[in-house]
Structures are given as C-alpha cells and as structure tokens.
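A, B, C, D, E and F are the chain letters, set down in written order, and residue numbers restart from 1 in every chain.
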Amino acid sequence: MARPDLRRNDEMRKVKITPNYTMYAEGSVLIEMGNTKVICTASVEDKVPPFLEGQGLGWVTAEYAMLPRATNTRKKRDIKSLKLDGRSSEIQRLIGRALRAVVDRAALGERQITIDCDVIQADGGTRCAAITGGFVALWLACKKLLQDGVIETMPLTNHVSAVSAGIFEDEAILDLCYAEDSHAIVDCNIVMTGTGEFIEIQGTGEGRPFTKEELNKLISLGKKGTGKLCRDQKRITGELGK
Amino acid sequence: MARPDLRRNDEMRKVKITPNYTMYAEGSVLIEMGNTKVICTASVEDKVPPFLEGQGLGWVTAEYAMLPRATNTRKKRDIKSLKLDGRSSEIQRLIGRALRAVVDRAALGERQITIDCDVIQADGGTRCAAITGGFVALWLACKKLLQDGVIETMPLTNHVSAVSAGIFEDEAILDLCYAEDSHAIVDCNIVMTGTGEFIEIQGTGEGRPFTKEELNKLISLGKKGTGKLCRDQKRITGELGK
Amino acid sequence: MARPDLRRNDEMRKVKITPNYTMYAEGSVLIEMGNTKVICTASVEDKVPPFLEGQGLGWVTAEYAMLPRATNTRKKRDIKSLKLDGRSSEIQRLIGRALRAVVDRAALGERQITIDCDVIQADGGTRCAAITGGFVALWLACKKLLQDGVIETMPLTNHVSAVSAGIFEDEAILDLCYAEDSHAIVDCNIVMTGTGEFIEIQGTGEGRPFTKEELNKLISLGKKGTGKLCRDQKRITGELGK
Amino acid sequence: MARPDLRRNDEMRKVKITPNYTMYAEGSVLIEMGNTKVICTASVEDKVPPFLEGQGLGWVTAEYAMLPRATNTRKKRDIKSLKLDGRSSEIQRLIGRALRAVVDRAALGERQITIDCDVIQADGGTRCAAITGGFVALWLACKKLLQDGVIETMPLTNHVSAVSAGIFEDEAILDLCYAEDSHAIVDCNIVMTGTGEFIEIQGTGEGRPFTKEELNKLISLGKKGTGKLCRDQKRITGELGK
Amino acid sequence: MARPDLRRNDEMRKVKITPNYTMYAEGSVLIEMGNTKVICTASVEDKVPPFLEGQGLGWVTAEYAMLPRATNTRKKRDIKSLKLDGRSSEIQRLIGRALRAVVDRAALGERQITIDCDVIQADGGTRCAAITGGFVALWLACKKLLQDGVIETMPLTNHVSAVSAGIFEDEAILDLCYAEDSHAIVDCNIVMTGTGEFIEIQGTGEGRPFTKEELNKLISLGKKGTGKLCRDQKRITGELGK
Amino acid sequence: MARPDLRRNDEMRKVKITPNYTMYAEGSVLIEMGNTKVICTASVEDKVPPFLEGQGLGWVTAEYAMLPRATNTRKKRDIKSLKLDGRSSEIQRLIGRALRAVVDRAALGERQITIDCDVIQADGGTRCAAITGGFVALWLACKKLLQDGVIETMPLTNHVSAVSAGIFEDEAILDLCYAEDSHAIVDCNIVMTGTGEFIEIQGTGEGRPFTKEELNKLISLGKKGTGKLCRDQKRITGELGK
C-alpha cells in the first residue's frame, strides 16, 4: 500500500509552526501539518468563570471552528443554524482538557486564557494540530505574562502535543491526511506530554472493532509522532524552565 | 483504600436492566447501575437523514439528556439557555458511534432508529449505562421489526457494552460512582463488543498524565466489566442469531 | 357507551403516588394515573427571581416537559428546534399558578422552589397529574425545610389537586385517558383545594360550544375527582398542620 | 367601591371596532376597549400546515404580541431574548382555539388564515379584545374569499367574542382595566358564541381560591358582556348568512 | 413619466405627525408619509449600557420592526426564525446613529432613551419616516425630562430628518413610494440636520452604477425634502432653545 | 497633522492580494491593506435561493465575520450569544449589494456564489478590503466556471473596489487605519466600478454633521483610492473580456 503522498507508514507530514502570526493576541501561531492550517491565538482575561471566582486559580479553555470553506464542500456557519456544530463542541472540549492538563492553575493566578483554534484549511488531523499549535500560543501568552511581571513562574509544567494514528487497509499509519482519515477503519488520537506520558487517548473503530494488538501499534506510532512534535515546539519554546 | 460502598477494586455495582419499561417505544429499558438510572428508548422511523437517502442503508443515532434534578444540584434545562450542553453533545455522539459499530446498516434497510437516553438519576457512569442499556433497547426494536416481517435478518452483529475504569488514589478501580469519578486522576471509558474487541476507548488524565502500564490496567478492568455487562444483556437478548 | 377500560363515567383511573422517588431532590414523587406517569421533583434554591429580591417573599415555579417517547409518536426535543413547545409553555404556567395559590410566600421566605414535571409516559391528563404530584413534591421539600429548621411554619395553606373531565359522545366523564381526550368534544381541567374551592378552571369546547348545564356537570365530576385525589395526597402528607 | 372610571360593576368600557384599518391584509381591524388598542389582521395563504395537507380542510391560527411600549414599563422584544414570551404563547393558543371553534374547516378549504393580534396599547383585557377583534378581521377575510369566488359558503358558523370578569374587593365586576386586573383576586376570561354558548372559560384564583357561587356570578357577567360585544360585531358583519 | 400619485418629481407625500400617540411612553408619535405609517415611542431608562457606566454620558438607541402584515405579503415574525431580520438590523443601526448625532450626551446624563419604531403599514421610506418621527418622540421625552427637572438643558442640539430620493427611469425623484422604490435604479437615503448639514448619506446603485451628477441631483432633492420635514417637526417642537 | 504611519493624506496603505490562497474554494484570495488581513473565498453551488428558482438567474451573496482575536480585545463568537453581530449583518449586506452590481445574473445562470470574508486581523477598512478582495475571489470562481465550460461568457461586467475616506482633525484623509477610524469625525465608504462610477456611497457624521464640500473632498479621495485598487485587481484579473 502506498500513501497518497508516498510517506512511510510511520512518517509525519511536514510541520511548520509560525509564532506571533497575528498582532493583537497575547500569543498566536499558524500551525501547518501538510495542507492542514490552523490559526491558534491565546487571549488573556483578568477574570475567571463564576464557578472559580475567589479561589486564586486560573482557567484555560478552548474554542474550535472551521472557516466555511476550509473543507471541500462549503460548511454553513454555526450562527446560520444557531447551533454549535456537535463535532466542534466535542473537539474544543478535548483541546481544553489537553491544555489544562499541563497548567499549574495556581501559578497562573485568577485569570483565564482562551485558546481560539480556527481552521483555515482542513486536510485531516485538525484537532491534533489545534492542540499542538494551541500549546505554543498558550506558552507565548504565558511568557508575556512572565515578562510583564504579571505572574512569577511559568505556569506550564510540560509540553503537550497530539497526533492521529489509524488502521488503513490493515496497516497502522501515522498522521492521517483527509483521504486516509475518511477511509480508516480505526482512528486514534493520542495526546502526550513532552516526557512521554498520556494526557488523552481516544480510539474509535470506525469500520470494525479493533484488538489490543492494534491499539498497541497505534499507541507506538502516536508516541513517535508526539515526540517529534514536541521537538518542533521546543525550537520555539525551548525547555520549560520555571 | 476502601471504596464508598466497600466494593473490591474490580467489582461492579449491581446492574439491573428492565426491558419494555415504557409502552409506546419500539424498544425500551430502564437500566440501573447502582444509583445511576437511565431510561433508554428506541424509536423507529421509516426515513433516513438526507445524506443517506436512496442508498438502501439504515442509520442509528442517539440523544442523551439529564432530567434537571438527576444530579445533586439542579441543572438548568438546555432549552432555557437555548444551547445543547457541550457534555451532552459529546456523550450522545459517543453513544451513536458505539451502537452503529455493531449495526449491519444494509440489513436494517432505509430506516432510522433513534436511541433516547434520559438520565433519571446520575451517580457516575451515565454514558456507559446509556450505551449498555441503549443496546438492549435497540435489540428490542430490531426484534420487533423482525417479528413484524419488516426486516429479514437481525441487523445487530454483536453485543456492545461500556464501563468506566479509573485511577483513584493510585489504585485502578472499575465502574466508578460519582464520588469516585469526581476525584479520579485518570478516567477511562471502554466500549467493547460481546466478543472482547474494542469499539471505543477514551482515556483522560484528569489530575495528571498517565503511563502505558496504567492504561493497560484500566483496559483489563474494562474488559472484565464489559464481559459481565454482556452476560447481563444476554439474559434478555440471548445470543444474536441471524 | 363503554369506556375503553370499562370504568364508570365518574370513576377515576388507579392513582399511585410514590414519594422520595429520586435521591437528590428536596422533594420528589412518581405519580401514576393509569398509564400516565410523571416524575415531579421539588428543588430549593436560596434566591428568588430579580423582581422579588429584598421583599422577604418566596416563589414557586414549575417546568413541564415530556420525554421524546412519552407518546405514541416520537416528539423532537425542544432544544432541537430551539423553541419551548407552546403546549408545554401553557401547561407549566398553569402548574405554577396552581401551586402558588396555596403557598404562604412570606412563610416560605426569600427562596425559590422549582417543581420539575417530566412526563415518562403520557396517556391523557398529564397536566393534572403534574399538579397533583407536584403538590406532594412541594410538600416534601417544605417538610424538609421545616425539619432542617430553615423555616418555622409550613408554608402550604391547603392541598391542591387537579383532574380532567369532558364530554365524550354527549356523556360527561371523569379523568379522560388519551383515547377519550383526543375525541372529547368538550374538555375541562379543574384545579381545586383540599377544602373544595376552585383554584383554576379551564373549559374548552374542542368539537362544539357547550352549555352552562354541561359545564356544571363537568364541575361536579371535577369536585368528586379532586376530592379523591386529596385523600390520596393525605395518605402521604397527612393534614397540613401549621 | 367605585371603579376607577366610575363604571357600574356590570358595565363595559367603550368599544370601538374600525374595520379595514390597514391596506394590505385580507381582513383588518383596530379594536379599542377603553384604552386597550389592538390591531388584528387576517392573512390568507393557499397552503396548510404539513399535518393537514391533502385533507381538504383549512386552518386558522393566531399570533399575539405587544409593542415594546404598549405597557407602562418597556418590555424587551422577544427577539432580544430569542424566546417567545410565555404569556404571549399561552394567549395566542387561546385566540387560535377560540376562532377555530366557529370555523367550518371544510368550507374554508385547504388554506390557512393567520390572525395577527398586535397590541398597540395595553390597559387590561388584551386577549379578549384580540379574540373579539380577530373574529371581525377573520370575517372580513372570509367575505373577501367569498366575493372573489374562492370559496362558496361563508365558513364562519357563529360569532365569537370574549370578555373578562373578576372579583375585586369581593365584588364581581365586568371588563377589568389594568388597575383592576392587577389587583383582582379572581380573574376569569369568558369566550362565548353569538348564540350564548361557551367556547372557552378560564377562571383563576389569583389572590385566593373561589367558590361555585362566585364562578356563577362571573359567568353571568361574561354572558352579558359577550352579548354586547356580538351586537357590536354585527354592526360590521351583520348576521352570518351562509 | 407620471408618478403613481401624480406628484411632481420634487414633491413629497403628505406628512402627518401625531404627537403623544400612545399613553405610556415618555415620548410617542404616529408618523404618516403617504401610506407609510410608523409608531415611534421614546422610553427613558435610568441606566446605560455596561460600556458607558460611570462616565456621566447618556445613550440613545433604536429598534425597528414591521408588523407581520405591514407589507403586501405577510412577513414571518423574527421570533419564529429566531433571527433578527438583516434589513431591520441595518435600519435600526442607521436610526440610532442618526439620532445620536444631535444628542449632547453629557446634557442627557447617565440614562438611556430607546426609540422603538414599529411599522404599521409600509409603502416605501419607512426608515426615513422612522428617523423623522423618532426625532419628535425623542424630543417629547427630553422635554418631559426637562419639565420634571431631571435634566437642566435640552440635550438635543439640532433637528434631524430623513428622506429618500432615487433615479427612476432616468429621472431623479423625491420621497419614493414602494412601487417606485422597488423599481428604482438608484436609491439614496439622506439624513440631514435642521441647519442643512449631512448626518448620513447612503446611495446605492440598485440597477446600475451612478455618476457624480446623479448623486448631486439626489442630494439636492434630499436637502429640499429634509428642509420641509424639519419645518413639519418644528410645528410640534418649535425651535430648540436650550 | 502627521498620520501614524506618516502617509500623505491621499496615500493608501500597501495593498497585497494573494490569489488562490486556499486549496478547496473555487476562488480565494488573501487581501492585505496594511495590517488589515481578510481571507475571501468564493464557493459555487448549483442552486439558487427559493425566491429565484426557475428564473434562469444566478445570485451572489456574502458573509462577513471576524476571528475572535482579529481585534485588540477578544470578541465573543456569534454562536455564543446566538446572534449575528449587528455590524457584521450590515457589512455583509453591503458586500453582497456591491458585488451583485457588476454581475450579469443571466450569464451566471441558475447558480449561487457565496463570498465568505473572514477577517484574520482588523486595522480599519475591513469592509472595503472584503469588497476589493471578494471581487477577485468572485472573478477567480467565474473564470473557473468559464474554463470548465459551465458558463459561456464572463458574468462580471466591471471591476468593483472600495475604500474608506474620512475627516480627521478637519483634514480629509484616505484609507483610514483603526487609530484614525476610531477618532474620525466623518467616515465615508466609497464603492466604485473600474470605470469610475459609484456603486454605493455611505457617509456618516460620527462626531459632527458634515457639509457638501467635505463630502466632495471625501468622494475625490475615494475615486483616487478605488482607481488604484482596480489597477491592483487587474494585475490578477486583466481586463474583463467577454
């Protein structure tokens, strides 16, 4: 089996993270994974949601959306149907959980950082790109808070990145593009720290159930992929000193 | 560490599935897992969503909601805020995927079955109870279609059930109640077939990242739990003959 | 004319009120009137709507909804259409008015009790069942406030129950089931106190206008029915001592 | 007790019905009952709601709204809160039921008439004014259909009008203005035909429960009031010949 | 070319402004421009939007809507589609800007005046009628504030009125009725002060682009029309003394 | 007075139009006017809105939105408030009118082209950039339809571009950046064809009314600016041959 772009099964697409992509946000990046392009911005606000007020803890949350023509067929804007797309809802909850897992919320203090992930062009793996890019936007915003003397220690305790792996025609492959993703029989998104632990794993049998052996293969690919992505992140962030 | 109800770490709560719980739905059950109670109904309609029309294939979808006082604090109804709760949205997508994975959509023919999962009382594990009970409601509806001569073969290819497992104070435990779930540091929902393959696995580090060893322990517990649940289902459904 | 279940014209269906049906709500019942089943919960909150703040008066309000498959045909959830069903809106306003009519709002103090009435199965008379069951849920919540020392006197001044009566094929009948209700030419809902006064009466000529004599017959039936229901309530609440 | 405008207890406010108040609607009136002013328009469409298609029967429905400053305090428009006001929802259902009760839907044929009732100024009794004025708008539209040869017989079988009566400081009074309505202890809306039968009666104990004797007094007042209103209507419509 | 109502090209329709049209609003008018009829009310509230709090400045805002049958074909209410009509949104922003342009917001003090413009009957030029009538309603409300001693100086610094002009079959005409408006190839709305300066000008080539000469002709017509309208306004308001 | 970026009063910011910016849309550009950046995509669908069906005419419509952090302060997404932002609504109607003015809808045939204008970064003039860039995206989509043989003649009859001009500290300046725009006392958006006629002009006195002389100055600047923009467009589109 040859992959559409002739990659090896365990080979990722070209990754490019452009920091400070927009001029207003406290942190921003454009992340490209092959043809998938996502703008991630981090916006800092000096207040937290009501359920956290007065506890001295911060909050990180995420929103995810696609431009109408990020995909092959134009997708109606959510505001037209007055409903947040169910898939977007599921994805932005995942991004928020993934990023919060490496935040020292006491060190962040009583402020909220919102990570907006807007997909300019979608060719598979947008939620993973959003997590990987979102982390860098979050880091840029935290660094700014540090440099401005608003906080005293870097509130990020580890790197986070995410990648997809899947079973396609009975082979395990890494970082699926849309053509692969839409025909994969098993699809797995793996979110890992910079030190190789799991933050979240979601594996789904799209075409058929799957075995423990298959899951293990996907996890190995995921570990390899996220390791590569964390090295890419570190070219911008360096090691996370306190 | 003692569990609140003194269960062993690998012990499930008492499960009770009451078939034909309501009188109008083609299939219905009340499923109780400890104090968690969910009404699952299966409603058959002779049409499919627009994207499937004319293909001869059926569809199974799910909706999930909680009664306002299913929880300790009253939760505002979605219609008050005009927004489907994000958590409900994520859960009902999971239920739909899990059940569709064992449906032979050609055998079902061009009709849709909607599984409504309404939580009467929530004490942890509601999404797992909804999948496990929803399967039985779906089976009852399919059996009725078979008996009425609407379809010719049982369109369900396997049993499906789901259970949660988690790391609580560094021990791996099965089938968490709410008191455990809200303090678990790792939380995993495992959806498996009656023959022991995975349909979906979602593991999340709520309090800290987790290791491959921990994931393996949770998967083992999940396998044990879903095995037990499928035996419970079979007391109602028997084996799935064609 | 024989009624579908062979009842006499002035005979009610079997009524069953199960108190403390759920474990979290301050008050809860399952009320069954024949095949009609409604869960009523009473939730206490320590705040009142803005228009009542600072007056030392409490508030009682109600919400009414049906599970999607409480009826013969699946009914779309309100959140799907983003609109509260007009019938539900009308009914929950009636329930709220009926219950507030027996509340001493000063004795309740500045707190709100919300009565949620969720119909599990509908076979006619759901609004009447919701009022009758909602009263018991409200009483249970008030009793808890009394026992907890939050309030000093029982804020309920009388019992309230409701029943339907109608003209069906020119005969006046009590407590219509759905098959009767959907063909009744006159339909009347009567809400009365435990001491036999009216709280609300709504009579509608569905199939033709009606006369004063017919109205009087329906009112007599309603008086008989609510008298019976109040005796059922008192088996749980006893007399309302101050 | 003197009424604010010195009316006798059984005296109605001055009623004025201006037919053909607007130029586009098939039927329209401005109805004034004292300071209460409502524009009622009847719009004919050549299609019925989906549940009626192909049955040869017509439909009459109503919508009710108030201009934001029809009342003493400005009321936010429904579209601002994205919710149809619960009171409006209840009222427009009442108007629709009342008018449909005198419509021969087969004679109307497969078309829908929508009665829009927009309150320009509210001083009590707006729902009754809407029914009384809405009937005339509906008659004007039907007359136009007859004159245009679209239908062959007048589909209205009787006149309909409505009036409020209430108990205010223990006296039964007719046609309450807002100052009376807001302090009435019992409030009753009576909808009657031109031949003196009931179409709908809604009596509510706002301040205390009420007795059969009180209900009878209110009904007598209502009968007197609607009789007067039907005579007012007939000055425009004449008798309803077929 | 003869205009439908035989007006000269630079002739306006009959204008009638009825002050104090409704009884509750602090200011209200019915404005009629030919068959176009708009109720404008001004409602004063003692608070400003959050972004203005604590600055000692007032705010004037406008809302615009049409009754469903103000037009030839019934228009669905916004609340039915849960969306503010785009045209209404555009128009009410224009009305608000136009009126704020002559308000001394410091003299008004920290309070908001909302101008509600509800179109009873639409025959072209409703936005212009709303501005012209809205100004008088605003003036009436300000005069009341002055007379009640709430404010010390009249916060209106100039008159404002608006009129449409357009190119219809290559002739420039003033104050278009609907039949003209719907076929105009250029349409221009001109908002001017009582002293002849522009507050807003919006010119649109509906059927073809237009030239500077054409724009100049439309502006001349607009100046003539608004001059006439300000004289009409002054019959009610007189000159704006401080 | 020196402009923030030291431009002359009649000097535009640097304009850059990147065609084929995204890979799925039939036409797409990134347009940059100084720091203002807008992605414009043109999506072709083979159907028209219901009001146009069967007439053989095409339709062009536009949607406009800003990414949440396109501005200095994060702006909540429309879907959060369930309301299309009023300013966006006004702008997208302007864009649609402007582009339709140069479309030969018969030549386009019964299909719709939707122009999505998503602002990545906003520094003043976003609506003008959206029109100017939207035209090029529309041209690219039309060219593709021509090349694919779907249509026979280019349906665009002229170029369209737009620019802002304003009075800032009593000087007329061209192409305002946000710092200028937010303090301008008169603001004018001018939409012109490639042959120098007006398509739309909107002038607003934000800080004070304005004179005919001032309007003339702004129009002259607008003519100069749109002339320059059309030359920029032509570097991509060339002349519009049939």
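Convention: contacts are C-beta pairs under 8 Å (C-beta built on N, C-alpha and C of every residue); 3 or more make two chains touch, one makes a residue touch a chain.
Please read all numbers here as calculations on a predicted model, not as lab measurements.
With centres defined as mean CA coordinates, chain D is found 59 Å away from chain A. If each chain is reduced to the centroid of its CA atoms, chain A and chain E end up 50 Å from each other. Taking each chain's centre as the mean of its C-alpha atoms, chain D lies 33 Å from chain E.
Multi-chain contact residues of chain C (touching two or more other chains): 82-84. Interchain contacts close the chains into one ring where each touches exactly two others, per the touch definition above.
In ring order, beginning at chain A and turning toward chain F, the chains are A, F, E, D, C, B. Residue ranges on chain A touching chain F, taken from their complex, read 22-25, 28, 35, 39, 41, 43, 45, 63, 65, 67-72, 74, 77-79, 82-84, 114, 116, 118, 120-121. The residues of chain B lying in touch with chain A in their complex are 82-84, 86-87, 89-90, 92-93, 97, 101, 158, 192-193, 195, 197-206, 208-212, 215, 219.
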